[in-house]
């Protein structure tokens, strides 16, 4: 619950079946809502090359309704869900839709570029102006400029990829194509799917599953997939580096049902729980979990040690942003409103609490105190990933190191902060071993400081 | 998921501390949102005996905002969340607020009366007119008429209780009192709480826990609790019958953290799962559950048999009413949008699926087919309550018997309908045994046809 | 602008043509929006005798949209626009829809009853309870009780009319009829219309004109018009008194295009202007008017004296309730935001300002000061009705006498308050003479204290 | 009513008094709402050079509320109301807010550039991309590029003005300045105002009057006014051409109370009416007008010929966009809903109808037919401006010539289309004479094809 914010999801499609393009993109985005809840947008290309779009602050279900989707008619389209922490997400909603010498272009992107400010500054010196804070806008300017020197949009994209230092994925739409791009290390995921004669690109395969789209394969690091009426073609834009997919996608970001680079996310989480049980067992009466992020690992932990599971936290499923804040009341009702402890399950027991990861430790501290108040004899925290010690340059919303309260703290300090009787993290090796189905290596920079780019 | 709808929650308070009355009622109702999501309302009594109210269709968080709560100033108040299946819930929102000879009266009620139509008809013959479909309006007329013959409101209420045939609880507010009433069999729950010098009434104790209100006791069957500035007084309105609290409150209705008549709801569900394991064990690789209604029983079932739990269903937590309906698209996307199956957890396994109860069997059928499609070797359904065979007269939204598809079906027919490899229900004895902390008996009429009233 | 608030409009229809009933009622109400802007409601009777309704606070165009109107299917219906000054108009929206011994009844009413509190109190003593502040609710209870003693609803209505002391009109809908009722003095207007085989009732004929419905006639004082599938029948419920239609309908309430009891409203206003010119001429350079209420009388005044008209006040037509209030700013921007003075038209001129009536005189005072600031040499106020000196018992929102600032003031005091160089009112005779097409007498009680009832 | 759409208004201020900047801009825009109703926006500069803005589709009162204005804190700001005919005005809302080498810049602009597409294309060739259809975005790119070559923003603006071929006005905000710019011919108006130590720029002086801001003077053709903490400085950016203010501002665009280049708008309209009476008198019983656009000219026409005025059209003031459309009903209710004819004023009379201008003639045709149906003996149309025969290049929303139905038609054809008994337009000379207070010449290009640029 108290963790890295997720950061943006993208979806694209080229329809050859007469499907309701905007509706399919809508459901695709909806199934990836967990990747970004601040804004959403869809841009479609009608047959005449006119690009219509709707984008605004809010959830997918808030930004769109039947009428708006019906107005977005087209045979191709791209969409985006935004994770954004500033005051006005609507001003940064994607896709970015521009007009340039070759007509229209739309672009949706996720991930992060460590040199975004340098690139922006250089472009400004050449006369570019910017209206958003999004890297996507900067990249759209880079591409449109390169386009004048190359005969195809994909060559233009390939030509600028060496400039982009970071981990990202993007979908680009032009009057006749929909294009998917994945960074040279494959840090951010992107998959290709197919339904009958239509082709799809998505950050996560869960979107394919929801729509019964067949997963074809992951886009390769440094690859550009160009889809037009004839189907997809592939271009290795930059030499593929050794794959280094973000391990935090498996830990927390991605949907449990998604398959990234051969590794099912749920299975990774479950195995992280088992590995955690092997590395840091504890004698306890019950395994409980932070709902819902710790559940998969708790199943693995429980099974490995044979300790029964107990769902000791009951969530109020109506809890949301429009709950009136109890300012000025006497007590802190907030956390209660979201979560109740089932006293009978906790009283007099030794409890292991499993969570998938820990950023600030504040949620853990509150939960530990709730459990103690409910009569737990002892509370042991087990975190199914390593301790986060470094910033992320590639799009994970990890705070800068100086703000990362726990970055420098040793384990004992953290334990003390949470108030738990004991605290253990899973080792980096334990994490990686849990992802043994994956067909490449991992970026664990936020855990170990080893930055691929 | 596919089950009896829950039916209404009530909350009342008399403040002697200078608390924000309307805010506390708001949070109390919010924590009981699961009891009714169609409409919500709050009525407060300012010091001059003027009753201000807001009620409308929607969730608690939709009907109220900061501004509306701030306008509802008063030292006493009552609130209601409505479960309603008709086309326009706003027309039936409670509290009912009336003016009569003695001034103002507000009333909020839950439960059901089997003779409501007769009472209404008799009142109509005497010249009464009605503007809603709610029993609460009828009861408010009965009370106001009786009030002319008795010197106190509580005597008036006591005088009409023998007329009301059913299971119910209500809170009544008059210019100087807030009153709680529970039916003679105690079929519907009602609890008394205290915070400093202020007093509270609530359908469920979870509302007290959220607000750190001390649970004092359950209101007794047939009791009237009258709260005024001096605190509560008790009146045994009608001779208390043997207590027969609705067992379905433990099975599904109530919040897991609530304590009803001495029995914690979660514990009852957990024990139902254990009893189910004893009565109907199965050799399987994993215990999974229908999220989230089957989870507590699944924990018990798993622990009893030592079969590991697997959270094979991943819910989309953004799923809600404003999701655009995929009408006209090619496939049934609806269920997918709400729930995904984690294929790796299911493939090639023998699975037990636990749910708390079964009304129509349609959800079960869909889940079974999803599991089969994901590669489950066998799927065994275990229901942690008995088979529902009868209508409810006391406020549970059980369909009339002729519409209760499964009422007459034998177990094999039901199994066939769901497509499961095997199906077992918990026995009535197994249910009752699971509630052994309760200080009375149970109404199991929807299971066994034995109606207390 | 600063005047008696208008009070409620009613509309009813019985369709034999397959028209969109709810849509026609909607447009009928919309064309009478000036009679009440606080709430609106429509109730229709589908063929099975089920009454569906929508009513809420707001303008007609705010309460209804396409979807809501489409849901209101029926062959008969009634509607209401409410003028209400309390805090929550939604709680008093009409029609009142009740269930009683004979099934459903809906009722919409305008006007006022001086003995409403006595009637309500008596009913309460007999056990009635009330949920609104509306006379309509009280009358619906009276009718439903009487209905048990009479074999038809119209007889029941006739039987209670002697009890109702006041000026009113109402439309009543039962499962097989739509009924129009006008008080014995005809104080409030009500007209009957016809379009092909369908029949209509409306407070004002402007609603008929909009919908190209043929005006058949005014309902007579004390008459009940009963419409069913066979068309209308008439019943003289109480002996018709000498007609005394509210003269303020001609002065301000009604729409200029309406025809009430034979007298066109616009023509009455124009003639009031002419009569005012004859009674109180002034030597001036220009006739201006308070927009838009004084325009018709200004035309008459200008024509009579041959003084040219000047539209010196320019209104901001976007001015409305959602304009942010300039609290805390340095100056009173409010009046400016609504109205600008055209300086060139005013500077150095002697000006006559015409308005239709005066309640508080505050608006007049502001306008006089705006004109002086713009350089007017002299400002003469001429009011095209008499001085209001008494409360209204029959539904005009005239303040109680003690709050009627000008009630006791003599003309010179009022002139001083407004800051005008001179001030004259039209005489009562001048008003009545202007309505010479009317087929009866007038209620001028608020002007002369002569109450018909 | 059926006429050239108005096109955009701009407002800017530099506060040295501690005023509520965003509130004052809000009221300024609100008073110019008639210049553009599709979108509105405000951008403010807080003391740290951070630019906050809100812009969206809708009226000023719809886009902003108290909370949004309160968040817009700053000592300087600019605002815009947009007139736009495309499908999604929100995508073109101004101000345009950009980041470039020198930090932030915001720009709001009205008017039109005939070479906008050429400029845009040239910039695209140099690598620029665009996200809106607005000239303002293009100009902001031009300025930001020029800024690199000049040491001040005003020099940069001056350097690009020769490129802009058209009629326009703009306000530009940089971290330390607010700048007003008017095109070399002064086709679009712009005024400078002062309140205490604070300075203001506005398309129309009505905004100043509303806020009791002192009008200082009109910005001169080709002038740049630079306001900073020390007050305004002037720069004659390009040699001032002979002034050619758009005469259509006087005919229809501007608010009647505004003063443009020395000429009050109302007075111009009144005199156009008088001149029309001299050029094209008619023997008639009454002068009526198209509400509200024809009123001022009708006053002049009536006074000149001594024919009395009659307000024969009654508008429904609640008419607006949210009125449900009567599609599928039997008759055309639309025009009725907006406007009623007062039959008594029209029947058997010879009528002159005055309007300010005529674009398509469709509204005129409907009004003529309404008057005939109401019994008018004859209907004479008099238009207080010349016949529109040419497109506008400078921001008036005149249709292209080929779509301008009346452009090629001779007067008799137009008369026939409207169904009037006679039709006359005011001569160009008559229009210009009516504006004799103006301190320069006029652009009458849409009337005579004589384009200044």
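Quick notes on this structure:
When the chains are written out, they are named A, B, C and D in that same order, and each has its own residue count from 1.
Please note the rule applied: a residue touches a chain if its C-beta (ideal position, glycine included) is under 8 Å from a C-beta of that chain, and two chains touch if they have at least 3 such contacts.
Owing to the predicted nature of the structure, the values given are computational and were not obtained by experimental measurement.
Listed here as common contacts of subunit B and subunit C: no chain. The fewest steps needed to get from subunit B to subunit D, moving only between touching chains, is 2. In this assembly, the chain whose C-alpha centre lies farthest from subunit C is A. If you average the CA atoms of subunit C and of subunit D, the two centres end up 37 Å from each other. Centroids built from CA atoms put subunit D at 48 Å from subunit A.
The distance from the centre of subunit A to the centre of subunit C, each centre being the mean of the chain's C-alpha atoms, comes to 60 Å.
Judged by the touch criterion defined above, the protein chains form a single closed ring in which each chain touches exactly two others. Of all residues in subunit B, only 52-54, 71, 87-88, 91, 96-101, 105, 120-121, 124-131, 140-141, 144-145, 148 touch subunit C in the complex they form. If you check the complex, the residues on subunit C that touch subunit D are 19-20, 23-24, 26-27, 30-31, 33-34, 37, 59-62, 64-66, 69, 206, 209-212, 255-257, 264, 266-267, 270, 292, 295-296, 299, 302-303, 306, 308-311, 314-318, 320, 322-326, 328-331, 333, 336-337, 340-345.
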